[in-house]
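Note that chain A is present in both complexes that follow, paired respectively with chain B and with chain C.
Then we have the complex of A and B:
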């Protein structure tokens, strides 16, 4: 019973963290049309920022600051935003695909940097001993309390994303996404608006990274995989409904459920088949994405025009 | 700085020796023209004359190679489109460019200047005030849509409009900007006679009642003759004639520019 509760809490916590990532990506892609293929980079800076600020003293990495999580998490979000600022300032003036290239590149650079800058990140050994909030509550209450904290964070991000999407600011983002030249003719400076959306989405990803690090209680280079940290989030957003915050959250939960279930199924296979099944799973996720794009490009719940002000 | 002396007000728009090259191709070869305040000025000329390039360069969409653009005597050469929008100069596009996934009313609302709700973090914290402004904006958008006979489509996505209605939407967005100088790029191209009449009357009325100055690119010369004075004719990146439509039409250089184009297809056996 307790094991089942812990399993469900683990799955839901991870689904919540993915929901935060999907909401961030929806601000960038769904609302603004920014192709960010470097989600991992923003998650990484958020995760390591919070890890280093909160973990105990260690000769293995920079640290020993002993900050509480509630002080470190805003800085993790700020770190994500801070990383987005120069990338956006440089590449958002260029054609849309340059952002995709730039973010992909920066994410790979960061992945190599955290693996090699031992003094800062502990290199391949990573940062262990990251305190998980509410652990003093014991099991399973501590983990359930952490799930509640993640849920509260997701709810806050969701409310912020909704307020953004339904504001004149969000309307201008959608206009720029639909036609940049026409948006200029309508008096908008596309680069300035895009930068704000990009930074905002990156802050969500930085916070998601912090939540991930404190959940794992460890952060190392192998905890961050482009497939699960960047591209799975894209699948979630597209499956759920790009341009719709509800779609982003729904897609995160639904795709995460499928991903976790197939992981469990694959593990039941004997020996070498289990290893191979992991790759089949990747292939199937790719195939599913193709099918969604072909037959239901709007996702489960697509973008809806907002109700006009009464 | 004003180039005018004495009490005469400067023209709404004055273009002086504007040049624009694309590689070896000279699209604008020292264009000079004036758009008098309160006028509906016509801009005609065969395809490829540089009319749309002139619009794009004047409205800040393309950096000029040389020359000056004066908005009511103020040098705005090379200013970005959003600055010019704020200064009261907007353009429309020859092929309509609606925000496809926005509703018709949203398409108009976007174009309103000085929206507080666009400045983060105001939309998060001043929600009541923003909602009030949004209601006012909606009312204004509906008024503009009424004038353009698009009110029934206000809450449909702009992508659902017909070609002619998208042309009207372009004009609607320009009106929402509150601009007093609007550059219209072929407002009547590809629309049926009835809609063409409606568009012509709308332009004339906006000019008469709201005092909006227009610079209009148009290929329908009868429409230009009816609406526009003065008229400038461009060919090969230069203004070859200016004046009243009757004078421009009678100009041998204009006839040659148009005839040269018209004869080309027949030259082949």
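Then we have the complex of A and C:
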């Protein structure tokens, strides 16, 4: 029974990390209409920043700073934001599609960089031995405490995102997304607002990367898979309802639950079929995305129009 | 309407979650559960079917011989890591925490083994035996003695490869290695040893997986220093076959030296038997006495007529499953810590030698209180203090479109 509770805790922790990613993407895409296909890059920067700052001394990679996690995580978020700044400054002035291409490219460059800069990231061997917060509590309390920490982080990000969405700043972002010319006519500078939203979203992703690295206690280039770190998040946001922070979190939890449940279901099949099921799972995620886009483009809970002032 | 739809969908999600619960209750029932983390999809997928068959064969033999711990059966719970450490960590968590397995066979790749060990199995105290993690770094995991491997580390393979290449009269070789822990580790071991034997590595390249073409890299390698052969350290599906095709089509290289990663009949089928004739390679080998090996091969062929019992890491996977079964019987329980402690007792000398297919005899010996020493299909299976098997390296050659074992050497 305890083992089952721990399994649920693991799944919820991962769902929480995905929720943080989805909230970040919602800020960029849902609220502002920025097509960021480079989630992987921001996750990588956050994850490696925190990993290098906290992991023990090693000849394999830069390290041995021995920072505690609570000091490293804000820097991970800052690193994500710092990466977003130049990308955004250059490509946000162009049309939305160019941002998609630029972010995709940057993510790929970063993936190759961490694989080849051995002195910094350990190359293909990655950074092992990243401490997980609260591990000293032992099983099962350490794991539950980490879940609580992730949940607290997600709650904080969610509260900030909600506050942003309902603030004048958030309304401006929506205005720019829906009708840029009208927003300009009202005296807003779309490029500056877009850049701010892009940087804030990237900071969320950097923090999510740090939470991921500390949960796995290992970060390597093979762990940076575009399918699971970039596109699954898009599926989550679109399924949950882009533009709505509740939708982002719900989408993350629901899609992750389906992902985990299908893994378990596939394992019940006999050998050969289990192999095929692995591919069918990927196919189903794509199919689900198509169906949602065709029949329910607003997602599980779509964006609600803002309440008219009373 | 939106609310209603949400209600129905949420119910569906909850329903799917509810399905997972009965399995948890079942975990307490009769069969002993053994986990297997295999790369059923992704870069290593080509290796997985015969490896799975090897594990399945060992388990079937144990069950057919009457099971263990007084008639309990072994049950395999399989998970697919998609050749991705992140996925591997989450499926390993499922095996350890939800499926409550006693021990795990796998994962297959070295980097994935390190990730899974650090994040899941070492803290939980679950013994794991990888049949195919060959990177030297696996020895250095702080593992409380829970991580074992039946595969021989790459340092030894690199040395043997260098010697074989020199013996074939090749003095200048170009090296092309997959850019991961496996490729880089083995390329290093080979280059160091090759140069120590008077050979020259004319150029060396780490390539990225899944590119449509490798002509540019091959052209650079072929054009520098007049190499006589290409040493290719790769996996077939994620670039190896493409590199061979590119090299042959453009006549960049005519002689190829391959390693365990490319020791697969599918390579010959995909690239063609004639251009590959005479290509040589190495792989973690079978050091077993010929009778032990023959018993295993016969049993494997009977159960799986279409798969190759000599495929890369297949015998190692079979042995990993056998060692776990024997350790459970020796420990007298399916407790993780007890199994871990018993693994060396059943695998290492001294003791009465038991081989593949002799589970019933081993069980009788243990019942009489005798010590046993498992000599497997892949080698003598003696685990050192790091949990690495001390084994031999196979030298193979492609002759008439078939992979033929030429020798098994220990140094």
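As a working rule, the second predicted complex is superposed on the first by the 306 of 310 C-alpha atoms of A that agree within 3 Å, B and C clash if a C-alpha of one lies under 4 Å from a C-alpha of the other, contacts with A are read in each partner's own complex, and residues count from 1 in each chain.
One rule holds for everything that comes next: a contact is a pair of C-beta atoms (placed from the backbone, for glycine too) under 8 Å apart; a residue touches a chain by one contact, two chains touch by 3 or more.
Source: prediction; values computed, not measured.
Student: Figure out whether A:163 sits in contact with chain B (first) or chain C (second), or with both, or with neither.
Tutor: first
Student: Any idea whether chain B or chain C touches more of chain A?
Tutor: Here the partner covering more residues of chain A is C.
Student: For A:225 in the superposed arrangement: first (chain B), second (chain C), both or neither?
Tutor: Only chain C; A:225 stays clear of chain B.
Student: Under the stated touch criterion, which partner chain does A:303 make contact with: chain B (first), chain C (second), both, or neither?
Tutor: In the superposition, A:303 touches chain B alone.
Student: Answer with first, second, both or neither: which of chain B and chain C does A:198 touch in the superposed model?
Tutor: In the superposed model, A:198 contacts neither chain B nor chain C.
Student: Touch test for A:37: chain B only (first), chain C only (second), both, or neither?
Tutor: neither
Student: In the superposed arrangement, which partner chain does A:188 touch: chain B (first), chain C (second), both, or neither?
Tutor: first
Student: Scan A:7 for contacts with chain B and chain C and give back first, second, both or neither.
Tutor: Only chain C is touched by A:7; chain B is not.
Student: What is the contact status of A:128 with respect to chain B (first) and chain C (second): first, second, both, or neither?
Tutor: The answer is second: A:128 touches chain C but not chain B.
Student: Both chain B and chain C contact which residues of chain A?
Tutor: Shared contact residues on chain A: none.
Student: Help me check something: in the complex, which residues belonging to chain A touch chain C?
Tutor: Residue list for chain A touching chain C: 1, 3-4, 6-7, 10-11, 14, 112, 115-116, 123-126, 128-129, 135, 139, 212, 215-218, 220-223, 225, 228, 254, 257-258, 260-261, 263-267, 271-272, 274-275, 277-279, 282, 300-302.
Student: Going by the contact rule set out above, which residues of chain B touch chain A in the complex?
Tutor: 59-61, 80-82, 85-86, 90-93, 97-103, 105-107, 109-111, 113, 115-120, 123-124, 127, 130-131, 133-135, 137-138, 154-155, 157, 173, 177
Student: Contact residues on chain C for chain A in the complex?
Tutor: Against chain A, the touching part of chain C is residues 2, 5-6, 9-10, 13, 16-17, 19-21, 23-24, 27, 40-41, 45, 48-49, 52-53, 56, 77-80, 82-87, 89-91, 93-94, 96-100, 109, 111-112, 114-115, 118-119, 123-124, 135, 137, 141-142, 179-181, 183-184, 206, 208.
Student: Which bits of chain A are touching chain B when the two form their complex?
Tutor: 160, 163-164, 167-172, 174-175, 177-179, 181-189, 193, 196, 200, 243, 303, 305-306, 308-310
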